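Across the two complexes that follow, subunit A remains constant while its partner is subunit B and subsequently subunit C.
Here is the complex of A and B:
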């Protein structure tokens, strides 16, 4: 008897999930404004407890909530792994060391010996974006990176660090010289009014293209998964399967989602490394 | 000591080169919005918008050239 309420609650939640997914897909198919989205913990809570203010708050800030959740998870993992480091690494420490060595190799290959100071930043950006991208394959979680707001925030962090690196390595005078196109003769000085806006626009283009690329790719993955989940639910209703046992059509694209999530995180961190290395004095390249 | 590059350079090159369309898209769009804002502020339409689009395109091409140059460097290391 004690099992009954839990089973009933699970069944109710599954029905809410199925209803949310099927409704979104149906609305999208009929040209509605709703974009198919996989239900997550917050949307399920919102579906069941619409009047609760804390649920409304969670619903409004769901991207930040899931991004913070991944951040906390990552911090806990890093703390647990580095609490008692062993000389001969095993388990999680071994895995993290292989990962850090891989990222360090990439940064070294891209930005040269002096670029190795960027490894902690690039590795953190990579693993944070990677875990956020992969969140969509975990039931009741959401990829925060499918929102342009999250990716713009990440790109602004990269932009700020690139400008800080430029100021630190080149100095204020060298940084302004870099923005002015490094004029060395009369023609160079005459071209400064043209080169300065081009350089400034170039610096703004970098974070914008970074954020757009990541958000649009992850968003497309999420929509694809949601559409397939919705189709699976529709198919299961057609053949009269119970709503908590839909046809798992999304499993066919799951490997692609795993690959593209990794590639997108990699490209973001790679481009960040390139933009950082472009701020280094030219003789330091490789 | 030879450092093993993970991921392989061809994946890194693909990542760099496939971001070029976004760079070429964002530049003129950014130039358009900034130029339009200047036009509304100083009322010299359509020169702000036209200049913004052209400068944005030039800036995009410059960033694209930097990305191509960087990917060629990777190929040399391959």
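Here is the complex of A and C:
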């Protein structure tokens, strides 16, 4: 009996996915260097077409590819939603308005009357990180935020925007005064040699803490999912189930992944807002 | 995972800035503007509603005062009408009484006149009967004119005697 090509291709792909996951988990269990990782579209392609240069390029830039996918998805959603805005919102517009209003309220509450200026930035940061975090639960996608390169890039953008905001709102003199600890008396001026390095160090540590917190949390989630998927495959092989029908052990931690993904995106956005509000004139602080 | 790749970092940063520009242009700014417009519209409509509610209360008070005034005026006019009606009724009663008294007096005059006429007629009939009776007694026909004169004289005499105590 002839097997249809599409069924054959699907079975081959499933076997490749199962093989990749099981191999990664097995290597990790035997003390190998490989870190368990869920297969995605790029890794599957790379497994099947290792010699193709474009696949190698995709594999090298897979974090950018999945981040770009999320970005394009967001841009299309934004364009479609606000193309014909209605006075009485429905559907996606309603959802986006609730989201924007929530972010705007949060930013306004933390940064005062300057909050509206920061709302687009914070909203973009939140929704971009959130969707990238959640990508791991979609089959054949990957969380780009599990890569330190992605989170460092985002943290550097936040750092740059924070410093630009400080220079713009305080002026060069006010910005240097802020870094020096705003000395107003003799004791304050005497403490400048101590406060200036501390503030400079603090400003530099902020993007590091932002990027590492996000990357390691998301990476840990991804590894946990990959391990559970590998265990499910191993369990199915033990009880002699077909490799394309593994036991879905990862479903038990999916709710936790959803919660942690949201919390990590929120923490990154909140801290970015705090850093921005700290660069405002002091009477604006709440 | 921990290896930093500056090309990737730069690419990710540029991608994020591009996404920020796109979302700012197509999503956040229009949505925030629409939210502001809706908020301002709702506030304006609430202010107008409050103003209309105050105006309505003021008009209701004004109508209440006018209704009370109209009620007082109606009550006063009703009292005046009642008094006027009573006065007219008394006048009508007095006119009716006067007319009744006139009719009564006229009726009395008529009755007295009729009585007088009846008396004259009765006396004439009585005189005729007497003459006829006397003729039959005397079997003799006397002059009528003379008889009548004699009888009238006799009747007057009798009448005088009857009237006298």
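Following the convention adopted for this analysis, the second predicted complex is superposed on the first by the 282 of 286 C-alpha atoms of A that agree within 3 Å, B and C clash if a C-alpha of one lies under 4 Å from a C-alpha of the other, contacts with A are read in each partner's own complex, and residues count from 1 in each chain.
Going forward, a residue touches a chain if its C-beta (ideal position, glycine included) is under 8 Å from a C-beta of that chain, and two chains touch if they have at least 3 such contacts.
Everything numeric in this text was worked out from a predicted model, so none of it was measured.
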item	value
First, second, both or neither for A:197, with subunit B first and subunit C second	first
Partner with the higher number of touched subunit A residues, subunit C or subunit B	C
Which superposed partner A:121 touches (first subunit B, second subunit C, both, neither)	second
Which of subunit B and subunit C A:105 touches, first, second, both or neither	first
A:218 touches, of subunit B and subunit C: first, second, both or neither?	neither
Subunit B versus subunit C as contact partner of A:97, first or second or both or neither	second
Subunit B and subunit C contact sites that coincide on subunit A, given as residue numbers	101, 104
Residues of subunit A defined as touching subunit B within the complex	101-106, 108-110, 197-199, 201-202, 204-206, 208-210, 212-213, 263, 266-267, 270-271, 274, 277-278, 285-286
Contacting residues of subunit C [partner subunit A, same complex]	1-5, 8-13, 15-20, 22-24, 26-32, 34-35, 38
Contact set on subunit B toward subunit A in their complex	3-7, 9, 11-12, 15-16, 18-19, 22-23, 25-27, 30-31, 34, 55-56, 58-60, 62-63, 66-67, 70, 73-74, 77
Residues of subunit A defined as touching subunit C within the complex	35, 61, 63-64, 67-68, 71, 74-75, 78-79, 81-82, 85, 87, 93, 96-97, 100-101, 104, 116, 119-121, 123-124, 127-128, 144, 146-150, 152-154, 156-157, 215, 219
